[in-house]
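The structure appears below as structure tokens.
Should a chain be cited, it is by its letter among A, B, C and D, assigned in written order, with residues numbered from 1 in that chain.
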Amino acid sequence: MVAIANAHNDLIHDAVLDYYGKRLATCSSDKTIKIFEVEGETHKEVATLEGHDGPVWRVDWAHPKFGTILASCSYDGKVLIWKEENGRWSQIACHAVHSASVNSVQWAPHEYGALLLAASSDGKVSVVEFKENGTLTPIIIDAHNIGVNSASWAPATLQENKPTKSPEESRRFVTGGADNLVKIWKYNNESQTYLLEDTLQGHSDWVRDVAWSPSVLLRSYIASVSQDKTCIIWTQENNDSSWKKTELQKERFPDVLWRASWSLSGNILALSGGDNKVTLWKENLEGNWEPAGEVEQ
Amino acid sequence: NFEQPIDNLALLRRQFPIFRWSPSNKIVYGIPKAIGNVSFMGASTSTIEEFNIVTSDKIMPQNTLLRTFPGPLTKNKTKKKDIVKWLDGIITDISATNAMVDLTIWKLLKLKLLEGSTLKDISMLLYDSNELQQFLAEPYQATQLVPNAFRMDAICQMKILAYLQTGNHDAALQLALERKDYSMALLIGSLVGKDKWSEVVQQYLSQEFSSGSNNDGIWTNLLSLIFQVYIGNSKAAIERYYKNKEEERWAITNWKRITSAVLININSEPTEQGKQNIHIPPIVFEFLVEFGIFLRQKGQELASSVLFMIANVPLSVEPVVHDTEVRFQYIGARSSPESMILSEIYEFGFSSEPKFNGFPILLPQKLRHAYCLHEQGLSSLASKYTDWLGYAIKSAPRNNISNMNLAHGLNALTTRISSSDTSWLGKP
Amino acid sequence: NFEQPIDNLALLRRQFPIFRWSPSNKIVYGIPKAIGNVSFMGASTSTIEEFNIVTSDKIMPQNTLLRTFPGPLTKNKTKKKDIVKWLDGIITDISATNAMVDLTIWKLLKLKLLEGSTLKDISMLLYDSNELQQFLAEPYQATQLVPNAFRMDAICQMKILAYLQTGNHDAALQLALERKDYSMALLIGSLVGKDKWSEVVQQYLSQEFSSGSNNDGIWTNLLSLIFQVYIGNSKAAIERYYKNKEEERWAITNWKRITSAVLININSEPTEQGKQNIHIPPIVFEFLVEFGIFLRQKGQELASSVLFMIANVPLSVEPVVHDTEVRFQYIGARSSPESMILSEIYEFGFSSEPKFNGFPILLPQKLRHAYCLHEQGLSSLASKYTDWLGYAIKSAPRNNISNMNLAHGLNALTTRISSSDTSWLGKP
Amino acid sequence: MVAIANAHNDLIHDAVLDYYGKRLATCSSDKTIKIFEVEGETHKEVATLEGHDGPVWRVDWAHPKFGTILASCSYDGKVLIWKEENGRWSQIACHAVHSASVNSVQWAPHEYGALLLAASSDGKVSVVEFKENGTLTPIIIDAHNIGVNSASWAPATLQENKPTKSPEESRRFVTGGADNLVKIWKYNNESQTYLLEDTLQGHSDWVRDVAWSPSVLLRSYIASVSQDKTCIIWTQENNDSSWKKTELQKERFPDVLWRASWSLSGNILALSGGDNKVTLWKENLEGNWEPAGEVEQ
């Protein structure tokens, strides 16, 4: 076990390991991002990235095939892209299409290229592709009134195309908003943008986080957590049928649920709650969700 | 909640726990020490004093099923008795942990693998009718026979014969029912066809058994069902449950006892030596499937799986029977480890059929099984599954979407397994 | 008769008539003028004053059937409506000659060839149930319902349910019969299988219908038969007739009425357009064949032929069903002209089946048909048959004994036809 | 119609047409045989054959492939063979193995060669083959005690042989005797003689004539007529099953039945009775025999 103490002095909003589990990025209300390298039982802080003008909400590592690249988003309305070369970190791009706090940022499945999904309090989500020639071509979508709190990519899957054509990627993501809604978006080749595929109603207060299970091939699972102290599991049988809603548990949680995170297999769902607890959940044979433990400090 | 939209300011006032899975099978987390808001309007300070980085198996609950299951099961290689032994252990484990858990499916699979199991064994698994033996053993004071029912007089009887000689079933039946001669009505009903027969049985049972008995519902329903099943009219018999709320409730509540009663009434045929599977007559197959469909449509996934399993319905993307949309694709909730393992054992039960080559629909579930094993830190077991899957995919059609997705997912997993094996946190 | 052997001396005292067929189709005969012995011990003198030589057709009775029949019937060439028309004529002829002759087979063949015939038509041909309509139309004074039969009480009912839930049919059935609750007994019987069901039906009918009716035999037997046929138990039902002399007699006497009653109770299916043959359900096929076998074994050749014909049993050297020696090779006595013609029409009825190529077993009968035509002086008709047979033999296996004998016989006949044609007595 | 008047002055026992219907042979108690040639409506007597020492009971024409040959049998115990060459008739052979009256004579089906069957009051039947080199090789069989009144060949049919061999002829004949019995005989290749195949009991007095129906291929029919004033039809389903007995009619005939003769097709049976009548019979659909007319002078 590696233990990293006192990373920031202000509130910490995110901590993410890279593909190999060798680097940790954390971000904080102190407007900085810190990079740690971990090796065996040891670790060392290698960089403090400064550039944001407000609290940094989330960070996300790009797939290693694009290099050692990190994206971050902040209350200042910006998404910054950071890169390490020869042990030196620098900001290589700034994505500033939003007019309010950017609350989440996530790289797409690497199969799609260096594609970044950002969700903002200005009610929009943006998808921006970092092309080899350095240009950015953002797609901006009105997603939720009042504001978007989180956005999460679906895993990369192929779908049937027209009979004569070879199968195509089914690019989808989910968003959760301050309008209490969860929305499913899908890329449409003809209009070259993401179109609303479904709107899922179930929460009675702000949706704080949405997470699309990384498990491919079986049915799709989305977890949404909300200020209303509930978690809803949304499932879809095939890629085109309707979504079914299952409440994770009948009773409300003691406090707001802030974050949801799926394990790689989709087998375990971890929830971060305002009661200071991280609880684990799994689906049982009957299709009900049951507790699978709690993470202790 | 008419609160003014105040951006993510709430976030500035709260330190919540941080927990993140990562592709490397490692986890980072930090739990705040103090609960509740930070100091009122004061300077905000994180109470996460420490981040921990661990491999996922450290915080995941150990899944005994996944760890001990002797999969992947392979035709001609895996031995039935090994699985039976494993099932015995699991059944003991589960019931020791939680006496309330329904072990029906596990025990059913064991019976299906055990040589020499009979339909009676399955029936007794669903409902132990031995408790009825005591009731049957009670002495019964035979009362004097006093006429309390009706039969036709000679003229009526001649009319019935004449009606039948002119092929007029309806008139014959009507006359018999008018005279409340249910024996004759039943006989005529047997001529006309299943639907008419069922109608008469139903009418007879409801007329003659509606009084005197304190649980008439079960009495009439169960008798009626048994008689209809054995004349091959299961579909119509079960259709009633869709239409009548009370009967629906009764059928859902008593599905095990109902199924047990149907199974125990199969006339035992002389057991054929060397015959592996318990033979289900077509008439009973129809019941199992139709009742399974009913239970599925009423949300009783597991009960319906049990019925399909008794009927040996293959796991498939195709509907169970042609006139329904209901499919039997997995046993229970497909994403659960229990489902994976049950489906794999069930599949293995078919391997004595000469041309059986596995259910294609289980391939994605087996890939998920491999992911789960990897996540639990059981890399060598996971590799067994990925090897098995690699072989299976090679012999599957290439231009099939589901196989393409499968190959893609398998490739991603093998990459991960090999990179985590060589990483500094990997097992030796 | 202790008479001393006295050689053929008797012949020396008697002039009897001389009559001899010859291979040339001519006959020589001489009839004595005086009857009785020649003068006692006196000189013997023939009283045959004259021998006559004539062609055989001169003394043979003209056979209208042979002369007018439009055979040989040929697939795709002969028209059904022509045969139907011919049958109409023959039926009129026969009934004009002899009102007592049973025309069932002729009329059955006509029905089978006629488009749009139904099973009801066949049933009515065997027994005109319209005569029952009058009886059925008689007003029936419904009497007050007074209990005159038995049903079980609530405790018994619970026991039945419990017995069924433990799969104990026998105990359940016994209890129902003890309490004389035949409705319940019938229901339980339906669970156990055909044999038990038949037993209960039989017991019920004999118990509940043995009194009050003046012709209870028919009543019980016919009802019992119908109910057993329609549960697929014809074989067992008919076995009774072999064992019980009285029932045997009843079945033989009433075969038409019995068969009619079974046929008229077939539930009419929607008629399929363009379907040539009347569809017989397997259950009724079983009855027709088993009853046909019974009648055949009791020497009722024609009755059995009628049943086999209704069932569309092909004419063949093979047994009708595998567990019998009974064969349906010809209709009636095979050597009679009627049999030849009926068999040929019956065979033609199958010609709408795509791959049907005739019944090989009929080839010898057709050769006999040709001999008969030749003998009747109908040489050109005979030649049609020999030509037809010559073609048929060419496409039949050569090293088959029956075909070798057939070829030999055909050759002999064609030689005779040609030699008689060219002889001085032959037709121009 | 050809009418031939006053052929003999004594009792006439037989009259037979040849294969083509061009010659008639008659025989009589006057010990002679007469040959008539018929042409159109005319006829002429061409020969009177003398040679027997007693009444001549029966005559039979050989198949034309052997020449114009006639066989006759007589009370004198002899069978004589007569032949026409260039319009002249002569006796060419004498078959004298019997010690009493020879009551019937019949040529076998021509397929077997020039084979003659004779039945005698000495209780024996003989089968003699006239070979090309002129030798006679008689087979003599004890057939009926008291005497044999008639013998008749079965038509030529093939039967299965051992699996490896080609089919063989099934040579059979029937005899009727003064012991009231009807017997079936069959040639046995191994023992080179005819063996008793079946003994049929049914008559209560001398069997006067037996006739095997010439119709091949369907079941075998034999008619036997007797001094007991009955006619029995014996039928056999296949060549090896048992014989079934059918009385031609339930009532007895008015007088003795002397002779039975089948039409070529087997369709009509003619019976000569002591009541001076020739009656015709046929089988109906039900398998019963019914009258088919009477032959009038």
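We adopt the following convention: contacts are C-beta pairs under 8 Å (C-beta built on N, C-alpha and C of every residue); 3 or more make two chains touch, one makes a residue touch a chain.
Since we're looking at a predicted model, the values are computed, not measured.
*Asks:* Taking the mean of the CA coordinates per chain, how far is chain A from chain C in Å?
*Replies:* That gives a centre separation of 86 Å.
*Asks:* Between chain C and chain D, what distance separates the C-alpha centroids? Give it in angstrom.
*Replies:* Taking the average C-alpha coordinate of chain C and of chain D, the gap between them is 36 Å.
*Asks:* If you average the CA atoms of chain B and of chain C, how many Å lie between those two points?
*Replies:* Using C-alpha averages as centres, the distance is 56 Å.
*Asks:* Two or more other chains touching the same residue: where does that happen in chain D?
*Replies:* none
*Asks:* Enumerate the residues of chain B that touch no fewer than two other chains.
*Replies:* none
*Asks:* Considering only which chains touch which, label the overall pattern as line, ring, star, complete or other.
*Replies:* Here the contact pattern is a line, an open path with two ends.
*Asks:* Applying that definition of touch, give me each pair of chains that meets it.
*Replies:* Those chain pairs which touch are A-B, B-C, C-D.
*Asks:* Could you list, by residue number, the parts of chain D that touch chain C in their complex?
*Replies:* 1-22, 24, 26, 28-29, 38-40, 43, 55, 57, 75, 100-101, 103, 121, 146-147, 149, 156-160, 167, 178, 204-205, 215-219, 221, 256, 258-259, 261-268, 270, 272-278, 280, 282-288, 292-293, 295-297
*Asks:* What part of chain B is in contact with chain C in the complex they form?
*Replies:* Touching chain C from chain B are residues 120, 123, 127, 129-130, 132-133, 135-136, 140, 142-143, 145-151, 153-167, 169, 171, 178-183, 186-187, 190-193, 201, 204, 208-209, 211-213, 218-219, 222-223, 226-227, 230-231, 257, 260-261, 264-265, 267.
*Asks:* Touching chain A in the complex: which residues of chain B?
*Replies:* For chain B paired with chain A, touching residues are 1, 5, 7-8, 11-12, 14-35, 38, 44-46, 48-54, 56, 58-61, 105, 301-302, 331-339, 342, 364-365, 367-368, 371-372, 374-375, 401-402, 404-406, 408-409, 416, 419, 423-425.
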